[in-house]
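Can you keep this structure in mind? I'll have questions shortly.
Going by the order they are written in, the chains are A, B, C and D; count residues from 1 in each one.
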Amino acid sequence: MNDADLPKSRRALLLVDFINPLDFPGAEDLAPSALIAAKAAAKLAMAARENSIPVIYANDNFGLWRSDFAAMVKRLEKGRGESAQIVRLMRPRQGDLTILKPMHSAFFGSPLDIVLEKMGVRSIVLAGLATDICIQLTAADAFLRSLKVHVPPECTAAESEVKKRNALIYMRDILKCDIRPASI
Amino acid sequence: MNDADLPKSRRALLLVDFINPLDFPGAEDLAPSALIAAKAAAKLAMAARENSIPVIYANDNFGLWRSDFAAMVKRLEKGRGESAQIVRLMRPRQGDLTILKPMHSAFFGSPLDIVLEKMGVRSIVLAGLATDICIQLTAADAFLRSLKVHVPPECTAAESEVKKRNALIYMRDILKCDIRPASI
Amino acid sequence: MNDADLPKSRRALLLVDFINPLDFPGAEDLAPSALIAAKAAAKLAMAARENSIPVIYANDNFGLWRSDFAAMVKRLEKGRGESAQIVRLMRPRQGDLTILKPMHSAFFGSPLDIVLEKMGVRSIVLAGLATDICIQLTAADAFLRSLKVHVPPECTAAESEVKKRNALIYMRDILKCDIRPASI
Amino acid sequence: MNDADLPKSRRALLLVDFINPLDFPGAEDLAPSALIAAKAAAKLAMAARENSIPVIYANDNFGLWRSDFAAMVKRLEKGRGESAQIVRLMRPRQGDLTILKPMHSAFFGSPLDIVLEKMGVRSIVLAGLATDICIQLTAADAFLRSLKVHVPPECTAAESEVKKRNALIYMRDILKCDIRPASI
C-alpha cells in the first residue's frame, strides 16, 4: 500500500495480451497481423517510455494460475513463430507495470482500477490482441468508467480485417473511442 | 481463460500477507506473534494440501508494482528476523495459487472472486496478518459475498492481544465467522 | 437483508430500458422497432410470469437521480407516441422486480449480481433497448460472469437493422449468446 | 446517463438506514439511541442542504425488492415508536438523493461509486445505523477507495455504548476516519 513505486500521469499505454502463446483455435489467422501490430505497438511503447507515459502490460495468464508473468515471457520468447517474435519485440522494460488480466476485459477482477486511480490516469491508449474481443471489452469497461480511450488501429489485430473494422467502428460510435493512428 | 489449472473444491485456505517485509511502523509489535501464527498456519497449510484443499496466497506487493510474488519470496527469505523466518516456514509449494492483493481486503481489485467461483469454493479458512486489518477486512468482503468464513485464532496475529481479541469478536458476532481453532 | 421476498429460479428474464422517454438524439429511428420489440417482449414476460420465471426490470433513470421507477412509469405512460405505448404494454406487474441500471451495462453499479446470486439464477434471457448498446454491454458483463445468455432477436431493437444484426452476430460469436427466437 | 441532475461537490453527507422498520432482533436496544442520533443527524442534514452539500440516503430495502424508497418512507412514518419518529425527523427533502443499499456496505452492489465520482466527491460524512455494522462496513469500503471519511459520533448509534465506542475506535485507528463531532 506504499505507492511510491507508481508514477503520476494523466495518460497510460495499455498493452493487452501481446505476450501470448497464440495456440488457441483461430490463432493462425491472428498471428501474422498480430506481429504487424506488435511492431507498431513496440514503437509506440518506446515513445511512451521516452515521454514518461506509463506502460502497463495487462495480460492473461492463459489458465496458468500457478505461473507468473516473468516466467511466461521467458518461456514464450524461447518458442517459435509469431508468438516468440512478438514477445521478443514487446519484452517489458525496466519501469513498466504488469497486471494480471484474468478475464477478457482488463478491468474485470484486476487491480487496473486501483492502479489508474493511484497514478491519476484519466486517458488510456489501448493496443493489443484481439481487437474485437479483449480490446473491445476493455474499451467497454473504460467507457463505463468515463475514461478517455484511444485505440490506434495499427497497434491492434483481429482474426480478420472485417472483425477488426467492425470492432473499431463499434468502439468509435458506441464507446466514444478515438480510433485515429497513434501520435504520442 | 482455460481453467484446467484450477482445482475444484468447496473449501479453500487463504494465506494473507505472511510473505511480508515486516518493516512498517508497528511491525516490531506484530513480528513475534506473527511468527507463532505462521507456525500454526504452516501446519494447517500442509494438512490442507494433503486433503486436496487449495492453498491460496493472497499477498500484498507492498508497493512494488514492478516486482512479482516469486521474486519477493526469494528476496525476503534471504533477509533476517521474523520476516525471513516466516517466509521460510510459509514458502509456497507446487500446486499452491498466488494472487496479488493490492489493498487490505483480498477481494478488492483482485481475481479472488473469479478464482473462488471457478473452483466452486463456498467456504474459506482465513489465516494471516494482521487480524484486525487485512484479515478482518477480507472477512467483511467474504461476508458480503455470502461465503462461509473460518478464522482459526492460532493462525493469525495482531499488534496486540486486545486488538486481536476485539477483531475476533467482531468477526464472530457481526461477520458470522467461525473463530474456533483449526481442525482441517 | 431479509431475502424472503426473492424467488428462487435458475433462469430470469431481464427487461432493459423499455421504460424510456425515447427523447434522445436518434430515438426517432429506434422508436418504431422498439414498439415492435416491446410487443414481443410483453408476451415473453407474460409467459415468464406464468412459468414462475422472475421478471426483472433493469432500467436507466435517465439522469433523474431524485425520481424513482414507479414515478417514471406513471409519468411516461401518460405521454405520447411510442414511449407511452411501450410503457403501457410493458408496465410491471405484481411480483416483478425492478433494479436501477445507472450505466449502460445492467451489472455496473447495480444490485443485479446480488439479486441473481440470491435467486440462484445461472441463465438470463435479455430483452430491451438498444441491441447494440445496453443489451450488448449487459451481455458482455454476463459473459464475464459465466452466465448463460439468451437474446431473442424479436424482443430487442436498435436504431438500424444493420446495427441490430451486427450486435446479434457479436453476441453470438464472441459473447457465446443464444440468439434464437424466444420459446419460454 | 444525462447527469444534469447531479450536483457537483467535493463533500457529501451519507445517511445510512435511518429509514428503518427497527423490527429485527436487538432493535429494541438500538431504538432509543437511534432516535437521539437521528435528531443530531437531522440537524446536520439541514446544515448540509443550506451549504449545498448533497445529502444522500443510502438505505436498505429490508428485503422488500418489490417496494421502493418513497413507499417505505410513507409506510414507516405512519407507524409507531422510534421507527416512525425517526422517519418523520429524517424525511428526505427536495433535492436529496436516494440510493438502494442492498447489503451492509453502502458501496456493495449500489451506484454509490458512480454517483460520488460524477459529483466529484472526495470526502464523505457518515451518519446512521448501526455504528458497528453498516456504518463501519461502509467506512471500510470508503477507506479502500481512498475517500476521506468523517463519522460524527453523535449522529450514529449502536445496540450498546461499548459496541459503538469500539467501532469508532476501529474507524479512527484502522480506517483513518475523523470521529470528532460534526461542524458542517
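One rule holds for everything that comes next: a residue touches a chain if its C-beta (ideal position, glycine included) is under 8 Å from a C-beta of that chain, and two chains touch if they have at least 3 such contacts.
None of these values were measured; they are calculated from a predicted model.
Looking at A-B and A-C, the interface holding more C-beta pairs in contact is that of A-B. Across the assembly, the mean Cα position most removed from that of subunit B is the one of C.
Per-chain Cα centroids separate subunit B from subunit C by 40 Å. Taking each chain's centre as the average of its CA atoms, subunit A and subunit C sit 32 Å apart.
The set of subunit C residues touching two or more other chains comprises 103-104, 108. Residue ranges on subunit C touching subunit A, taken from their complex, read 103-105, 108, 132-133, 137, 140, 143-144, 166, 170, 174. Across the complex, subunit B is touched by residues 1-6, 60, 62-66, 68-71, 94-100, 102-104, 108-115 of subunit A.
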